[in-house]
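Naming follows writing order (A, B, C and D), and every chain is counted from residue 1.
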Amino acid sequence: MYEIERSKRASRAYSFDDVAIAPTRRTRSEEEVDLTWKIDAVSFDIPIVAAPMDSVMSPDAAIRMGELGGLGVLNLDGLWTRYEDPQAQYDLITQESDQITATKRLQEVYAEPVKGELIRDRLAQLRDAGVPVAGSLPPARTQEFAPVLEKAGMDFFVIRGTTVSAEHVGGEDTLNLKDFIYRFDTPVLVGGVATYRAALHLMRSGAAGVLVGFGGGATHTTASVLGIQVPMASAVMDVAEARRDYLEESGGRYVHLIADGAVGRSGDIAKAVACGADAVMVGSPLARSTEAPGRGWHWGSEAWHAALPRGERSFFEQVGTLEEVVVGPSRVPDGTMNLAGGLRKSMALTGYTDLKSFQRIELILL
Amino acid sequence: MYEIERSKRASRAYSFDDVAIAPTRRTRSEEEVDLTWKIDAVSFDIPIVAAPMDSVMSPDAAIRMGELGGLGVLNLDGLWTRYEDPQAQYDLITQESDQITATKRLQEVYAEPVKGELIRDRLAQLRDAGVPVAGSLPPARTQEFAPVLEKAGMDFFVIRGTTVSAEHVGGEDTLNLKDFIYRFDTPVLVGGVATYRAALHLMRSGAAGVLVGFGGGATHTTASVLGIQVPMASAVMDVAEARRDYLEESGGRYVHLIADGAVGRSGDIAKAVACGADAVMVGSPLARSTEAPGRGWHWGSEAWHAALPRGERSFFEQVGTLEEVVVGPSRVPDGTMNLAGGLRKSMALTGYTDLKSFQRIELILL
Amino acid sequence: MYEIERSKRASRAYSFDDVAIAPTRRTRSEEEVDLTWKIDAVSFDIPIVAAPMDSVMSPDAAIRMGELGGLGVLNLDGLWTRYEDPQAQYDLITQESDQITATKRLQEVYAEPVKGELIRDRLAQLRDAGVPVAGSLPPARTQEFAPVLEKAGMDFFVIRGTTVSAEHVGGEDTLNLKDFIYRFDTPVLVGGVATYRAALHLMRSGAAGVLVGFGGGATHTTASVLGIQVPMASAVMDVAEARRDYLEESGGRYVHLIADGAVGRSGDIAKAVACGADAVMVGSPLARSTEAPGRGWHWGSEAWHAALPRGERSFFEQVGTLEEVVVGPSRVPDGTMNLAGGLRKSMALTGYTDLKSFQRIELILL
Amino acid sequence: MYEIERSKRASRAYSFDDVAIAPTRRTRSEEEVDLTWKIDAVSFDIPIVAAPMDSVMSPDAAIRMGELGGLGVLNLDGLWTRYEDPQAQYDLITQESDQITATKRLQEVYAEPVKGELIRDRLAQLRDAGVPVAGSLPPARTQEFAPVLEKAGMDFFVIRGTTVSAEHVGGEDTLNLKDFIYRFDTPVLVGGVATYRAALHLMRSGAAGVLVGFGGGATHTTASVLGIQVPMASAVMDVAEARRDYLEESGGRYVHLIADGAVGRSGDIAKAVACGADAVMVGSPLARSTEAPGRGWHWGSEAWHAALPRGERSFFEQVGTLEEVVVGPSRVPDGTMNLAGGLRKSMALTGYTDLKSFQRIELILL
C-alpha cells in the first residue's frame, strides 16, 4: 500500500505485461509435463476454458473444445438462445464496417428475448456429444431460467457478469447467490471478481470456482467507460490469497480459480498459472480459429448494452483450426497458436511438471 | 516526497490514467444510485458542468445543459460577448485547415473587445429560460465587468484562468479576490488551482467552489509552453485534503470541488469523484455533440493568446445530441457518450449509491 | 541510490519530461518578471544562449541573437572557419535526401581544415557589430588556435565537446584545462558535464561557467552509439549541487550553469531554470527561424565524425524570424516560439520575479 | 525483492534500455583504450562474438569474423550441416513475403537431418583458415555428435539453447552437462542462463564461459509464447554476481560471461560490459553486413520449431561490409556500425582503458 496523497492510499497493481516468469536452475523434458486439472468430478487434459462469447462459441465449437480436452462454455444469454438459427444475425453483425453502426446493430440483434426452450435444446446438443456440458448466464437472468437449467443436466453452470458480488443489493430480480448455489444441484462457477475481499465472500457462497477478472480483455473498454480496472496479474495473485485463506477457514474446500481476461497469448496463460490460476478462460485467441462462428469478428456481452455499450467489435485474422489454436501445432511465432504447447514448454523450461507447483514459481517485475 | 537529487525534493504525481477504481465486495442496482449534488441553493441532477468554452457553449447549449440536469457555464470573455452574432467568426475559425493559420485567425477574432451590454443580454437569455445561470470571466476582466455582473442575477459567477491564486501581486487591474467575493452577492466558483496550499488560500477567500486543474485538458499545451503541469488525480486528491482541513478550520464551511481538466470520458468522471471531486467540468466530450457551436472543432481561451498561444484547435467527430452525450443512451463503446450513465454504472458496480461516499472508494495505482 | 542487483548500485535519473513545475499559492503579473542575468562583466536581457552549431549560427545570426538580448556563440570549428564562403557546403549538406548519404556528405565537407585567419575574421565581424562576442572550439583544437583567440578580443570562449573533463589523460595535444584557463584572458565556458563530481573538478579549473549536458539533444544519438546518457533534469540538479558546494569551498566563486541539451521548447527552459540552471543553450528551436543558415536542417558536430558519427541531420519546419522564435510573439501553441515569453509566463504564474529565486521552486515527478 | 501481493514476491528487472552509463570525472584518449580479452588459451582483439545463427554466419563469414579480431561461431545444427550447398534453402527462406508462410518454409527446410560429416567438413574449413574455431549445438544434439566434435579440433564448443540448466531432468537423450564437460577436451561455452542460481550451477559444471540471456533478442518472441523473460541488464548483473561467488568458492576459476541477447547497437555492448559481461554475442547487427548469408533476413533457431515457433524472420537493411559493421568506419549515426569503435569511444569518454575495470562503472536508472 502506498500513500499517494495526504488523504489517499492505493495499492500498486500489475498486468500480465508487467510481470514475467524467470528461469530456475532446473529444466525438464516436455513429455514429463502434466497439464491435467480436475474440478468437481470432471477431469480435463488442459486448463483452457473457452469463454461464453457468441463470437467464439457455437454449440459445435463448444463440443469441439471439449473433444480437445478443454471446456467449452456456451453463452445461454446469446444468439443461440435468442434465435432458432442465428446465422442471419451473425451476418448482420459482421457485415457492418464501422464501429458505431456495428454497435447499433448489436444493440438491435440482442434486443430479441432469450427463450427457455432454446437453452434446453442447446444444452441437450452438448450433452448428446458426450463432452462436459457448461453454459453461462448473467446474474440478472439466472433466477428466471433456473428451472430450465435444473433439468438440463449440466456439468457446470457459469454465472458471469462484468462483476459479480456475493452481496448484491438491488431490485426485485436480485439473485441471492448463496441461496441459489445451495439449492442448485450443478457446481457453479461465478465471476468476475478481482479483489481479495470480494473473492473471499464469493467463495463463502459455495461456488466451485471463481472467474478472476473484471470486464474482460481485448474487446472491452471498461476502463474508459467506468474508470474501473484491475490488472490481471495482481487480481489473480490477490484472489489466490483469498483461496488460501478460505481453504483454511473452510477446513479444506479448494475453490478453483479461472483467470478470465487479458489472456491473449500462450505466454499469458503461463503467467496466469504462475500467478495462481488453476485454469484460464480465453476468448480472442479462439476468434482466430476457423470454427469460431464470428469468423474472426469478436465481441463480448458488454458490447451490446442498450444504453452504455462498453466493448468494441474487433477483428482477428483466422490462422487455423480450433485444434491448432488450442493444442497445436503452431504456424505463427506470436503465441496465439498451440496455447497448450506454449504453457507446456514454459513449464518444461523452468523445471515444473504439474500446474499446482508451477503456481509457486518466482516472478520478475518488468 | 522523494529526494530526487542531493538538493531537490519532489512529490510523485498521478494522472487519471495512472489510477483506477477497484471493485469492492458489494454491487448495487443502478436504480439505487443517486447522482444529485447541491451547491449553495441550487440542486443538480448530475455532477456535470459544461466548461465555459466557445467551442461547446453557446447560450442555447448552456440552456440545454441546464435542462439536462447539469450546469452550463457561458464564457463571458468569448465570442458571444464580443459579437452580436458570432456565426461569421465561428466560420472563420473552423474553416482554416492548418494549425498555424488557425492560431492566427483565433488571435484576430478575439482581438475584438468584450461588450458589457452583450454580457447582460446573454445572461438574461439564460435566466429567461429558467435554468441555473452561470457565466465566467478571467481574473483580469472581473473587476471591469463587476457592475454588469451584479445586476445580471446569476446563480454562479465563475472566475477561471490558467491558474488563479488568492495572492496575485500585480499591476493596476489586479483583482483582490477576497475583497471581491466578500462584496459580491453571487456565489463564486474560482480556479484553476492544483495544489493543497494554493487551494487552502483560495478557500479562505470565500469561494463557494474551486475548479481543480491547471491549463485544462486535451486542447491545451501548457506543459510544453510553460513547463507547468499537475496531473489531475493528484491535484484533486490534494485539493480534497485542503477542503477537509478548511472544513475544520472554518468550523464547517464545505467548499465544492469541481475537477476541471483531463475529463474526457465517463471513466475519468468516475475517477475524479473517486479522488474527491464533487463534480466535473467537461469540454471535449461536449464538442462531439450536435449542439456544440464549434461543430466538432474545439479550442480553449489559451489558444488565442496574442503573444503566447498555448492551446491547439482540435477536431472531434460529432456523435449525437447533447442529451445523448450527457445522459445517454450511448452508441459508442469508448466512454464519450452517456457520461452520467458511465458514472452511475461505475458506482453501482462498486456498491455505492451517493457521490459523497463514492469519494472514499479505494484506488489502484497502475 | 538503489541497489539494482546484488552487486550494483545505480541512481535514478530524470529527464525534463519526467518532471514538471507545480503552481504555488502566488501569481504575479508578467511585467514584474525580470529575465536578466549577468556572467562576468556582461549582462543579458534573456538567459538564452544560441548553441555553436553550423545549422543555426552564422555570423549574422549570432549578431542578431546578441541584438535580441541573448548570446550567440559561433562554432569556430565549423563551416565558417573552414570555408571563406560556405554557402556551397550548406547546399551540399541540405540537398541530400537520405540519412546515409547525408552523413557521408557531412564527413566530406568537414574534412577541410579550419583556418586561423577565418577564426580571426569571423570574430572581428561579431565585435564590429557591437554585440557580446563568443566562439567555441572542441578541447582538442583549443591549444592549436589559442594564439588567434587571444588576439580576437572575445567576451567568452566556449570549450565544448561531447564530454569535457578536468582530468583528460591522453595524447600529445591534450589540453591542460586548468593551465589554459589560468593563462587565458577571456572568461571560459566549458562542457558538457553531467555529474556532480565531474562538475566540481571542472569548476576548480577556473571556468566562469559550465555547460550541463552530454551529447546534446534532439539531433544526437549518443545513447544508442555509446550507451552513455544523463537525463537533463537530474544532470542540472546534480551540477547545481556542485556549484553550491564549490561556492562554499572557493569562498564565493559563483560558477554559471548553462543547460545544454534537450531544451527544445519554452517549457524545457522553465524546467531547466527550475532545476538550477542560470541559462540555457538552445539549438533546434533556432533551426526553425528564417535566419538559420541550415534553412531548417539541423545537425551537430557529432554528426560528421569520420569513423563514428553520432548525430542525425534533422529537419524542422521554419516558423518565423529569430526574433519571433526567441522573444515572440508566437503563432504556434507548442512552445517552440517566444521562448523568453514562455519562461516569463511560467515564472509569473508561479509567483516568481527573478531567475535566481525561480531555481528554488518545487518540482513534481510525473 | 518486492512483495507485489500478499502472497508473492518478485524482483524488479531492468533491460539495457532501462539503464545508462554515466560520465565520470575523467576522460581518456581513444588510443589508450584496450579492447582485448582472453578466454582459455585464445586472445581476441575485440570482445565481440558472432551468434551461431544461419542468417549471419556462413563458414566464410565466421572466418572473416575471426580475421577481424572477434570470434565467429558456426551453427552446427543449421543449414550448413544439413545441406551440402544450402543456397537453395536460403533462397526459399528469404523469398517468402509474409510471416506465416515464411515460418512454414523454415519448418520444412530445417526438417532435413544434420549430418556428422558436414559438421566435420565445416569445422575443418574454419581451422584451415587459421582463425579460432567454434561451433554450436543445442543440448539435445550434443551427445549424438560428440564423437565428431572430439576429432574436429575446435577452440571452443558452444552449447546453446533457449535455456540450459545444469540439472536437466528428462528423457533418454538427456545431456549430463558436468560429465560431458569433464570428459570433453575442448573448452565449453554454455547458455542461455539468466539468473544467479542457475548460473552458479552451470559454472560448477566446468564451463569456460556462460552465455547470459534467455531466448535471444530482436527476432524472438519468447515472452509472448512462454511468458518467460529476463531483461538483459539485470541478467548480466545477476550472473556476474554468480561469477564472483564462484570465483571464491572454486578458489580462483574465472568463468567468462558473454551477454547473448538484446545487443543490437554499440551502446548496448558498452552497457553489457558495464553490467559485468566480458564479451557480447551479437546477431542482428551482423545481419546488416554484406557478408551475411541471409542477405538482410534474420532468424534464430527458435523460428523453425516444428510445433511451437517462437521467433520472427526480420529484415534489416544492409549497410556495409562485416568489417565496417564490426570495426568501422561507420556511416550511420544509430550505433549499428563500428560496434567496436562505439565501445572504445564509450570507455574513453568515461575514462576507462580496459574492459575489466569498465565492468565497475556506475550506472544510471532511466
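By definition in this document, a contact is a pair of C-beta atoms (placed from the backbone, for glycine too) under 8 Å apart; a residue touches a chain by one contact, two chains touch by 3 or more.
Everything numeric here is computed off the predicted structure, so don't read it as measured data.
K.L.:
Could you tell me which chains make contact with chain B and chain C both?
P.N.:
none
K.L.:
Counting residue numbers used by both copies over all numbers at the interface, does the chain C-chain D contact come out same (over half shared) or different (under half)?
P.N.:
Different: fewer than half of the residue numbers at the chain C-chain D interface appear in both copies.
K.L.:
Go ahead and note the Å separation of the Cα centroids belonging to chain A and chain C.
P.N.:
The mean C-alpha positions of chain A and chain C differ by 57 Å.
K.L.:
Would you mind pulling out the distance in Å between where the CA atoms of chain A average out and where those of chain B do?
P.N.:
40
K.L.:
Of all the residues in chain A, which ones touch at least 2 other chains?
P.N.:
Each of 12, 234 in chain A touches at least two other chains.
K.L.:
How would one label the connectivity among the chains shown: line, ring, star, complete, or other?
P.N.:
Per interface graph, the chains form a ring.
K.L.:
In the complex, go through chain A and note every residue touching chain D.
P.N.:
These residues of chain A touch chain D: 12, 14, 16, 19-29, 31-32, 196, 233-234, 237-238, 240-241, 244, 265-271, 274-276, 319, 328-335, 338, 341-342, 345-346, 349-351, 362-366.
K.L.:
Name, in rising order, each residue of chain C that touches chain D in their complex.
P.N.:
2, 4-13, 99-100, 103-104, 107, 162-171, 174, 193-195, 197-198, 200-201, 214, 221-231, 234, 302-303, 306-312
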